[in-house]
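Two complexes come next, and they have one chain in common, subunit A, joined by subunit B in the first and subunit C in the second.
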Partner chain A sequence: MIEQPEPKTDVLAKRDAIVAGLRHLLPASGVIAEPLRLKPYETDGLSAYRQVPLAVVLPETTEQVAAVMAFCHAQGVRVVPRGAGTSLSGGALPMADAVVLGLMRMNRILDIDYADRCAVVQAGVTNIGITQAVAQRQFFYAPDPSSQLACMIGGNVNMNSGGAHCLRYGVTANNLLGLKIVTVEGEILDIGGAYLDAAGYDWLGLLTGSEGQLAIVTEVTVRILRSPEGARAMLAAFTSNEIAGACVDSIIASGIIPVALEFMDRPAIHACEAFAHAGYPLDAEAMLIIEVEGSTAEQDDLLARIRDICAQHAPISLEVAKTAEQSLAIWKGRKGAFGAVGRISPDYLCMDGTIPTSQLPAVLRRIGEMSASYGLQVANIFHAGDGNLHPLIMFDANSAESFHKAEAFGADILRLCVEVGGCLTGEHGVGVEKRDLMGVQFTEIELDQQRRVKSAFDPGWLLNANKVFPLTAALRA
Partner chain B sequence: MQTHFTAEQLRDPGIASANQVLRTCVHCGFCTATCPTFVLLGDELDSPRGRIYLIKDMLESGRPATEEVVRHVDRCLSCLSCMTTCPSGVNYMHLVDHARTYIEQTYQRPWHDRALRAVLGLVLPRPALMRAALLGARLAKPFAGLLPKTGQLPLRLRALLRLAPASLPPASHLDRPQDHKPVGPRRGRVALLAGCAQTVLDPAINAATVRLLTRLGIEVVVAKGAGCCGALAHHMGKHDPAMDAARANIAAWCAEMDGGGLDAVIINTSGCGTTVKDYGYMFRNEAPDWADRAARVSAIAMDITEYLVRIGYTPTRAAPPLTVAYHAACSLQHGQKVTDAPKSLLRQAGFKVAEPAEGHLCCGSAGTYNMLQPEISSQLRARKLGNLHATGADLIAAGNIGCMTQLAGDTLPVVHTIELLDWMAGGPQPERLATLVTA
Partner chain C sequence: MMPVDEAGVVAAIQAATTPLRILGAGSKLPMLRPVQAPASLSTAGLTGITFYAPKELVLSARAGTPVADLVAATAAEGQHLIAEPPDWRRLLGTDAAGTLGGAVATNLSGPRRVAWGAMRDHVLGVRAVNGSGEVIRSGGRVLKNVTGLDLCKLLSGSHGTLAVMTEITLKVLPAPERRATLVLKGLAPVEAVAALAAALGSPYAVSAAAYLPATEAARIPALAWLGESVTLARLEDFAPSVAYRSDRLRADLASFGSAEMLDDAASLAAWADIGDVVPLIGQGDALWRVSVRPSLGPAVLAAAQAAFPAQAFLDWGGGLVWIAGPATVAAHDAVAAAATAAGGVWTLMRAPEALRAAVAVVPPEPAALARIGRQVKAAFDPRGLLNPGRIVAGV
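Coming up: the complex of A and B.
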């Protein structure tokens, strides 16, 4: 189990009073405090780490969020924000003395402005919910984490989430215009708005990716884009991971930027095919999904050029999706990939490092070697175009030994990423999972400077204090 | 996901199966987004992942079920939308079925809850009782206004009265055990699950099914001894009555398989279809001969639309210019994964087919759910009708009597898919469409 900050004994002692206070602020169904009902909130997408919280609150308005924050601040109670709880780095892992503040009831689209191409939505709207709301008018919201069906925009902002199509459209940070936030003291602030480049410091940039440590996001203004004329995906199958990795590098080196360039190895291909029936090449050791968009002529031109590049890497097959349904199935398989691995292994740890694409073949080889030496299988699924790796380490959570091996293997992979000039996290955030590895990437001086930024927003370290930074002596005591 | 069962617990085959399901879940949360109760209530506890967790904890602890857990499991519609979404292949249906049985065995419900469940369990599967009850409800309808405005019991009674139709069609002689001979040379032989509640509420559905199949050269047997499929009891966690009902059907159909032979067991109420297709699993731990027979029945169980696609369907007249909003019953789309067959048949029949937004969300009918959870159910009904209206269609077609009853009483007429298919292939115009089309 991961080390947690020492629970505040005074907070634990006045638990009943805190719960009663919260009940004054919210409708009855919005406060959960019975032990059995708290249990499902003890974890998120990284279920290996668990901690039952003190209470859970489910506010419905920004004002209710503000009231809860003001109350918790006054009482010195820690708060852990939670969206859909799909974090893979334990970002929403509670603490024993903390109130989990869930934003899933704030799920309304507030305004859509097609003329200025933006939408204002509450933090609990799902990522795909935004696209669904504007799709009829041929618009979409670009960042598309594989979890987009479930994950919420407030979570996306706080993790600066990316996705398959971010190669072309950028990550969450590149698609935001404004936020409504509630500070740790319970004040409501508006940041940015329906225009580009706000005056003053770039607060928006600072808050994006702040992992619930600086403020609670209650509303988000996002940029929406016109849907492309059309898009087509190609499946390229290869005889080894390294060859596929080399092919990715050649495509990027040629200057072509497909809208998406995704990598899957053999175990991943088989698991996903069983779920999506997309016609993935089951004889391949590795496969790339390469998507292009634009007019039919543009697509044809790009696909022909990409085909030529692939051909130099002795592909087993190169196949372009024939129908819209097949394209959908191809993406359904890719987006369901992590879950689909549940078909071949009871548990997985999903790593998330970033490396220069030129290092892909070497890094994949090293991961293969480590897999053999740890005796744990890996499925490799990742956003290859921007060098964002997601090796899934398969293990058995019912065996403590297997879990510890998986943790050590994961840490080795992340160290390798930093070693070859990459970084610890691509898009899943640091959370608790990579907290203790931050020292591999940053010096103590750099970490302290970052901690001071957090302290400026949250002097008492009440917000999500167990994440991102190695625990300090103050939090341990 | 990690589980904490002891070796002793795992010797119980029910727990062993539940453990298998739990181990397949990777806690990714995808399923939350497409769960109707999570969409409405915004609480992890009312999501599939939350329920899986509550059930896991309940089973691991070996404690009797408690109100906190029962509340959230009761709110589950068993719509199985979560199973369509789950990339991991988690069999939520088997897990929640097990949990319901566990709850029924270890939890003492408040008296009025027990009484209502007992009455529903007794009446719905027995057409004669059901008919009597509905006539009673019709007489009581005018007094609905006298019920208190709040409280679980009055709300439920009001829901019961709303669902009782204003008039009841007479029982149909077609539903009695018999062989309906094919018109012309025989191309096949099937058993039809005549059903229980459906024969009282809407005998026109079976009538259309028999007419269409016999006209296509299929002999249709209503097997002696077959009756309610057991789903109603099964979903209330009443294990023994469910198994008894299933056993009777299995015996009746196996006798037909070994006698005149059967190509399929045809079901035209998809809620029942999901259960009949699951007989094999339900009987997995029974004596081997029953397990085998149950598996044989499940193997040939088919929704009527699946069967029509298999044998081929051609209309014999030009369709009127009507747009049909196809309402996908959860048991058909999620439970049985039959999604294209009904729509493509309706198109073949000549209709324009419209699909509502949020087609994956349940209409709130869900067996007895609309009587036991009237508040959530009525919100889902309103949401579904809103989406159906937005298609601009002239009528609604569905493949499940539960949904049909739930969506009735609105301005859009609701018919069974098979009634439209029969109509375009030589059958009569469905009565409910009299105002839409003057023949």
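Coming up: the complex of A and C.
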């Protein structure tokens, strides 16, 4: 179990008074303090780590959030914000002395403006919910993390979530215009709005990806985009990771930026094919799924160009979808990758480093060697255009030894990512999972600079204090 | 002081006991508030591209590298700087060639910003020296990175008040094979912005959208022959796509009038001049930039014109209003009131020092945010050495 900050004994001692105080601020159903009902909040998408919180609050308005924050601030109570709880890095892991502030009841879409291409939504609206709300007018919200059916926009903002189409459309930070936040003291502030590039410091950019360290996000103004006329995928399979990597380089060098460029290694291909029967070539060492957008003629033009490039890299299989249905079939295996790996091994860790794309073959070779030495299987899925690598490490959760090995294996992969010029996390966030690896990427001076920025927002370190930064002596005491 | 390496920047800041005016080449000194400091620290001596991997879409350069060098280096590989940073030398009346550090520190973005993001959206990593003389890095050299707080974004647009950037890594993209611009003539501002909203809301990936009244359009050589107000929507892509999309866009916008098309060369020239704010060079003693909800751009334009003899035009689909006028407190207050009424923000871009020192050059923040801002400033620059008062008096 990961080390937690030392619980505040004074807070634990006045638990009943704190719960009573919270009940004054919220509707009856908005405060949870019974042990049995707290249980579902003890973990998130990284279920290996668990901690039952002091209490859970489920506010319905920004004003209620502000009241809760002012109360917790006055009482010196730590707060852990939570959206849908889909974090793969333990971003919503509670602390024993903390109030979990769940935003899921703030799930209304407040405004949609097609002329100005933006929408205002509450933090608890799901990612897919935004796209669904504007789909009737052929608009969409671009970032599409694979948890998009469940994950909430407030969580997306806090983790700066990505997805499979970042190469073309950017990550969450590139698709936001404004936020409504509540400070640790309980003050409500508007950051940005339905316009581009606020004057003064870029608070919007700093808050995005801040993992709940700086403030509570209650509303978000997102950019919405008109959908392309259509999209189609192709599949190309190769005899080695090196060749597939060289093919990716050639595509980018040709001036084409596909909207998606996904790479799967041999174990991933086999897992997905066994699960989804998508027709993936089982004799391939590496496979690319490449998607382009535009009118049918534009798709034909781009796919023909890409096909020619792939053909120069001795593919063992080259399949261009002719219809939207064939395109879906190509995606079917990749989209089911997590379920597919889950069928081979009920327990797996989904890692999330980023590497310079040129390093892919070397990194996959090293991961293969580590896999042999740890005795744990790994399948690699890679957003090849942007270098974001997702090794899925399979282990047995019934064996503590197997889990610790998987954790150590994952940490070794992330160290490798940093060593070759990449980073610890491309889109999942640091959370608790990678907190103690931050020193691999940053110097102590750099971490202290980031800590001072947190302190500027949250002098008492009440917000999500068990995440992101290696614990300091002050938090351990 | 003009150190030639990062160690020199560290030494200069560590040795400083009084405030420093932070600059690159100094091309944007006429912006915002004048900094009162006995000494200057320039990054113009830190030059050179340190890393460029076109296949990885990543470029790193020292902060003092001229933007023009980066434009040339990327063009040689068939790529470009995504945010299309403009050249404001003539606009601001300086002759220094703008640097990468300056472009990032001012979050300098051109017409493509409306579709492809601002300068800050493409900053992947920075090395910087804070006010204590410590070297800090944020981000890196990969396209996707959420490790730790995003200080790249905080430093972008911070105008040298938090740290002195020494090296910056950008995302770059392939340059388009072809450009074309659809032109609607003679529209009034409200109609024009409706047309631009239709263009930006089309599936054709319009990459720039502007409106220039007839007088302002006449000052751009590539547009002067049209003789009327112009409403412009740019397409950039492979040649077959541009041809196809031009036809579709023209048909979609037919209700706004019959459209002319600018070819590749005319598009390049026209949009470079729009980004460089050529129509307002030498116009008025003061210059403002207002960012608003695009549909309210015409209201800001009208309010400014009602208050004083304003020269003005709209970029970013109507959301960016450029206004030139007299350098008076009354004119500034009128612009600020129009921006505020539209729920937007203003920046005083150029004015005599007396006006820049006398008014709020950007909107004041609410008290709680201003307090956080002072604490963030102290978190980087506890001695208050770096560009004090550049954005807000006393900070």
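FYI, the second predicted complex is superposed on the first by the 435 of 477 C-alpha atoms of A that agree within 3 Å, B and C clash if a C-alpha of one lies under 4 Å from a C-alpha of the other, contacts with A are read in each partner's own complex, and residues count from 1 in each chain.
Everything that follows uses one rule, which is that a contact is a pair of C-beta atoms (placed from the backbone, for glycine too) under 8 Å apart; a residue touches a chain by one contact, two chains touch by 3 or more.
This structure is a prediction, so every number in the text was calculated from the model and none was measured.
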Worksheet item: Sharing subunit A, do subunit B and subunit C clash or fit in the superposition?
Response: fit
Response to the item:
subunit A contact check, subunit B vs subunit C, more residues touched by chain C
Worksheet entry | First (subunit B), second (subunit C), both or neither touched by A:Asp301 | second
Worksheet item: After the fit on chain A, how big is the angle at subunit A between subunit B and subunit C, using C-alpha centres and going to the nearest 10 degrees?
Response: 130
Item to complete: Tell me which partner A:Pro356 touches in the superposition: subunit B (first), subunit C (second), both or neither.
Response: second
Discussion item. By the touch definition at the top of the document, which applies to A:Asn398: first (subunit B), second (subunit C), both, or neither?
Written reply: first
Worksheet entry | Touching partner for A:Glu319 - first (subunit B), second (subunit C), both, neither | neither
Worksheet item: So, does A:Val453 touch the first partner subunit B, the second partner subunit C, both, or neither?
Response: second
Worksheet item: Is A:Pro228 contacted by the first partner subunit B, the second partner subunit C, both or neither?
Response: second
Worksheet item: What is the contact status of A:Gly209 with respect to subunit B (first) and subunit C (second): first, second, both, or neither?
Response: second
Worksheet item: Thinking of the overlay built on chain A, is A:Ala253 touched by subunit B (first), by subunit C (second), by both, or by neither?
Response: second
Response to the item:
After fitting on chain A, the minimum C-alpha spacing between subunit B and subunit C in angstrom comes out at 20
Worksheet item: Which subunit A residues come up in both lists, the one for subunit B and the one for subunit C?
Response: none
Response to the item:
subunit A partner, complex, touching residues on subunit C are 53-58, 78, 107, 109, 113-114, 117-118, 120-121, 130, 134-138, 140-154, 156-158, 173-175, 177, 194, 197, 200-203, 205, 238, 240-241, 244, 291-295, 316, 319-320, 343-347, 362-363, 365-366, 368-369, 372-373, 375-376, 378-380, 391-392
Practice prompt. Show which residues of subunit A lie in contact with subunit C when the two form their complex.
Written response: 113-118, 138-139, 159-160, 162, 166-167, 170-171, 173-174, 183, 185, 187, 189, 191, 193-206, 208-210, 213-214, 226-229, 249, 252-257, 294-295, 297-298, 301-302, 354-358, 383, 385-388, 421-430, 434, 438, 441-443, 445-447, 449-450, 452-457, 459, 468
Discussion item. Per the contact definition, I'd like the list of subunit B residues that touch subunit A in the complex.
Written reply: 1-3, 23-34, 38-39, 41-45, 49-50, 53-54, 57, 66, 68-69, 72, 85-90
Item to complete: Over in the complex, which subunit A residues touch subunit B? Could you list them?
Response: 29, 32, 34, 36-37, 39-41, 43-45, 47-48, 58, 84-86, 102, 104-105, 107, 124, 126, 128, 147, 149-151, 272, 274-275, 336-343, 346-348, 397-398
